[in-house]
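Per-chain residue numbering starts at 1, and chain names A, B, C, D and E are given in the order in which the chains are listed.
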């Protein structure tokens, strides 16, 4: 029934099956919206956050999601600026994923703050010394950029491109896309960084505090690096996932491997930097603030194993796999390496957000734990559902994978 | 303007005198219109601008001894963790008093400052403030109640400073009479464990006490420059309130 | 093509007029004062001074609007024939009910405004903020912002806050302008409570 | 945010930070505006060119094969000029000189139309046998009114059948003088602006290409490939393949046939 | 012309563009965020003229002077005069709005008129065996009760156990502590640092004396004492006898330090040290009682009080104190009766004046004293206390609403008198407990009139001086022209202090201590697990909701249902920190949450008491007199 909306020559599930796929996600979305509504209507007392855990699940997920969404800007950067033409195969998909991640993150932030109606104060009366200001400005701008980048993909829809004006606009916009790609790279560079800075500047939290260059603590650069390293891995992951679900070849394996390679190179650099940073922190930064580093790993489930997992298991191991040609040539290896890398960055963001608050800062305070309640989880699931919906619909009606047709034959 | 209109207010708390009765907490709540806790609230979701913690020397019975430590906003002076992080300037250090002010009307409720504060002295309004029917009649008009979804904290009973200034102004003076400005917790403490005053005035009692040998700051090594000083003659109290750093070549740990 | 332009222009015009003319009148509801008070009558006929009703106490508080008993001092029984006075005596003086005046210049709950410091230290004239209110014969209706509940005087008469004199209203920005000009701007908590 | 707003300071921090913000904002705005203006400035005549450019770009690589792949002179070469060999330097050096159009000869466009110069200087445009067989008699056919201008690779006319619709690409630039239909074997009579037909295929080259095209189409059709033995070996094409197998995905077939992704 | 879709789009586009060039969106945005700053559902503090008024706190025997900052008539914050206040006092102005407040007289839960209540009580009173439990003895209201009871056959005037002046009562009454003179203070569980006597006075003289705290719990007082002797719960008296022995008493022959150590667990050396200090670093004073959690029994009180004689406290740290003058017509007063002396089932009518901060008595204990079908009438402001068991509940005015007089605290060497003028009007339906009794007695008159009379009586004496709260100026009473001036002064906030105390030691013939009884009890107190309740002054009465800061939001005070255990004990019973557990005694069981604390004596379960507490009820074990300690069992739930 929606045939004339679907690109010529690609196979798509019947409308019925497609709807069947959407329904559960839509239901999840509805549930999450209700949960979020509760928090907005009754206040954040509805959540399990408290004065010790001022930041909870939401901030952690925002950080993770934005880090994973970095695939969008980085792929754009490689494609438009460094002219890596083979990435044309995934650029559209990357943009959609980026858009989903960022818009989702922004929505959750709106629920997370106590007074969303005053959100614009940050723009009107900004404190330019705050990392959070930097984050807010950059993310909002970049979300705008992503939206603009999304437009041409939208206009490539078979029906829409029939409209001459759209066709021309898409064409003209697309010709200028490298400008947006450049801007997006600039913005992402800063907000990925300032997300790291967010915690790195907290002198009152020696667990997170890091020395750095100028106004930026080392975490600023580590976050950028890790985001760029994992972005392509996440693209590999999502692409192969879509391929699994749709049972179609969408992207040439070479492209996947190329992304894996890029991921690997950056990852190894990151691991090295992270190791150096950790050593400096343990031996100088933390003790000089009066906190022997071992104190942080003494209490609760957060032992030194976290450090190992972060640096070796989820850092070094995937990096090495991705760097060896014949390993990454095999899909299972490539994918498991990519997923390891993604886990790594998620764990890193978890340590930064949750563990930082779990370890007591005053010597007589106890170690406390926190578990999100259904309102928080629900709100998060809503974002996931929203993402799946947007992506599914885009995948059905928009040319996300130009190589699909070639591979279909 | 006259020199005396500028001050650096601070407190000195004698841990040995504190009986842990909680008068300061109640007085603070009454003075600053802090609502009673709703049903679900715990000691992690409550609002207590000043909070008395129980510490002990960790020895087994009968050697065990406990003490009580009132912790409030330390009004950091040098590096103020919460000020630099607030995205919309809702937190700032008042140049004329050194008080770290939190403006609920400007606050967005992002809670970044709470993550930044090492003293756990900032509190978020997780719920709408609700008083039992009729009790809003007893609210203090010199302090405006905070709405849900914003962060708040001790500001040395700034409402009282306002009143003191108004009183001075009515007499045509800019400098206030120190006796007119005493925070509620200081006034309420039956044990007189808390002294308050201008640290810049070297002869003031608080300045003298802050210079005593037994005086120390919480988490001194963070270099936040707190204006709250703690005093105790009991060595174990120092041990319980300070983190001893092993194997570091930095300056020796002292309170 | 031209037809399209016409429609566009029409939309533009409509929204512009709605925003500049319709919106302001919709935003404020006009509430009549409980009584039509005549300042002139009191200052001239009764030859009272402002301080008789609005005075500064030495603890720094400002009396603001007098209680009904001070009205009762003279108006225990109607002295004149005006409807307003009759109303005053019957509705408020006799039953000793306070008059629910709607104060044009009332600052919101979260603002600390000290008349003392502005009168005694800054040497303000009342008229600086209250204009010729003391010279009025009638009370204009109180205009309440339907969204924020504020008096219109806080924002100022002109919706754009442009061209209404040095300080168009009594908004924070207006306070700040003056405080800045006189180097008395130190911090938010200095005026926020 | 702005100098007149409370909280703003003339400090390096503010200026740098807000400066950067406003610059970024402006760049985004300008980019959008430029794209919009450009697209508005164009009053429709560029549409055909742009459409072809963008669609050509979206064609699968194998469909963009250079003509010289077929005669084996440039194996594996992909066309970068939207099949307009007149602009192609490579083509100029391989097949130099202008091939002046010879009357009665059929010049084949990659979009399966042919152009046949007439003595009177006009050109007949029709569908080649493969296309004819795969389209049969269209259910709907809207031909441009005489006087309409058409351009190479631009839309010549539209056809619909079995829910499949297609824009047939014009092989030549010129003005329509007369319209025909499937019955008369040709669809348009065009007075061409020029007789430079270098971008069209003819003779052996055309046959090689057509041969290849049949396999290509065959792949899009359900087996057994009903397009029988080709003209080359004196075979016959099915009269109306569309009627023969309604189950085929005609939309895709036509898309492949008329180079529309 | 007909509208095409594109036309509408154009129109909308134009409108959208235009809107940005009007103030509407921006002003609306601004106003909306202003709206979030003064939501309609935000409580608005009162506006009005700020005034300062004075009163005297009636929430505990300390009777602290209070400065109330008022808006109009409404107090909005309270502060001490020249000193601090306790949490209860600081939030006293919340009590009128106490959520659980009793509204209107009721009979077994159904509303009834005051007259009906009066009539019903009067009817029963005719039958005699009438008792009044006066939670705050020494007030003018108390005189009213005692006068009426004196006239009833078998009239009993009951006062709460665990009184702060229990030691003084045991010594014969008419006495007061004088801590200012003391250099050594030996306290048997008296909460000196947490609310005993007048906090201000105690803290003032604290630097001058060495504090020895004898208590099983590491109470706040214990942890702030110079010496803490954690005697096993229930063996305190044995320790007292041990000290007596060392101070050369005949009654305590067998109580050598070593023997005491065996019973109490306190090292003999420490006992000797304390005894030496009492001898050498005098003058010393020994204080027992005042622990809100429960009283010592008679033998224990005797033993503790007796120590004072041995330590030579009489006349130095324990001084005679004159009574505040009493108006005419109060010559015949019922004597105080201790609850233990009341035979079980001996009361037919019990009227309870639930004055604030009277220490709680387990209801089961009171019940035992009631005859079958006896009537209970409670004058209370909430149902948290005894009122929940009463047949008739009489809504009483609370602090701030009622004009009361405040007797001197037990540590005030001189007699004092001050008033708590009602800063707020009491609600219509309330009645002064004293006025209720007056109506039952049919004697006419009101408490207010009697207070006036008492002020006149004081004025007649021409003794002592009056100090105003406002500016602390002292005026000799002799200089006060009329009783009205004095009354005015009291209304405005003032305290009359009697002239200097007579220092000659009262000739007290002290009853011999029943050492055998104490030994018996101490011996039987050697049970494996002891349940030890503890509480704060006023823990029995209603408190301001703002106390959530102490109980709920900081847990600086452990709240009802929390059992504090030594980790070792907990381990023994497999109980985890924060885990659920059940405590059982021979008269009931209660579920509690465990809270491990190294400061708790092994084998001891410390449980906090609160209004309507259930803990006390299971602490009252019949075969174990007193409820400060109860043999208990516990298990994990």
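Everything that follows uses one rule, which is that contacts are C-beta pairs under 8 Å (C-beta built on N, C-alpha and C of every residue); 3 or more make two chains touch, one makes a residue touch a chain.
Everything numeric in this text was worked out from a predicted model, so none of it was measured.
The minimal number of chain-to-chain contact steps leading from subunit A to subunit D is 1. Path length between subunit B and subunit C in the touching-chain graph (shortest route): 1. Between the contact lists of subunit C and subunit D, the overlap is empty. Chain pair with the larger contact count among C-E and A-B is A-B, by C-beta pairs in contact.
Note: the chain lying farthest from subunit D is E, by mean C-alpha position. For this pair, subunit A with subunit E, the centres built from the Cα atoms lie 60 Å apart. Note: centroid distance subunit B to subunit E, computed from Cα atoms, is 30 Å.
One inter-chain figure worth recording: subunit D and subunit E are separated by 97 Å, centre to centre, where each centre is the mean of the chain's CA atoms.
Computed centre separation for the pair subunit B/subunit D is 76 angstrom, with centres defined by C-alpha atoms.
Multi-chain contact residues of subunit D, defined as those touching 2 or more other chains: 6-7. Residue numbers of subunit C whose C-beta contacts span two or more other chains: 59, 61, 109-110.
Along subunit B, residues 41-42, 45-46, 53, 89-90, 104-106, 128, 143-145, 147 each make contact with two or more other chains. Pairs of chains meeting the touch criterion: A-B, A-D, A-E, B-C, B-E, C-D, C-E.
On the side of subunit D, the complex with subunit C involves touching residues 6.
Contact residues on subunit B toward subunit E in their complex (touch as defined above): 16, 19-23, 25-27, 29-31, 33-34, 36-37, 41-43, 45-48, 51-54, 56, 58-62, 64-68, 104-105, 128-141, 143-145, 147, 184, 187-192.
Here subunit A touches subunit E in the complex through residues 115, 117-118, 120-121, going by the rule given at the top. In the complex of the two chains, the subunit E residues touching subunit B come out as 36-39, 41-47, 50, 69, 71, 74-80, 83-87, 90-91, 93-94, 96-99, 193-195, 199-200, 203, 218, 220, 223-224, 228, 230, 544-550, 552-557, 566, 568, 597-602.
By the touch criterion given at the top, residues 3-5, 7-16, 18-20, 23-24, 27, 59, 61, 63, 108-110, 145, 147-150, 159-160 of subunit C touch subunit E in their complex.
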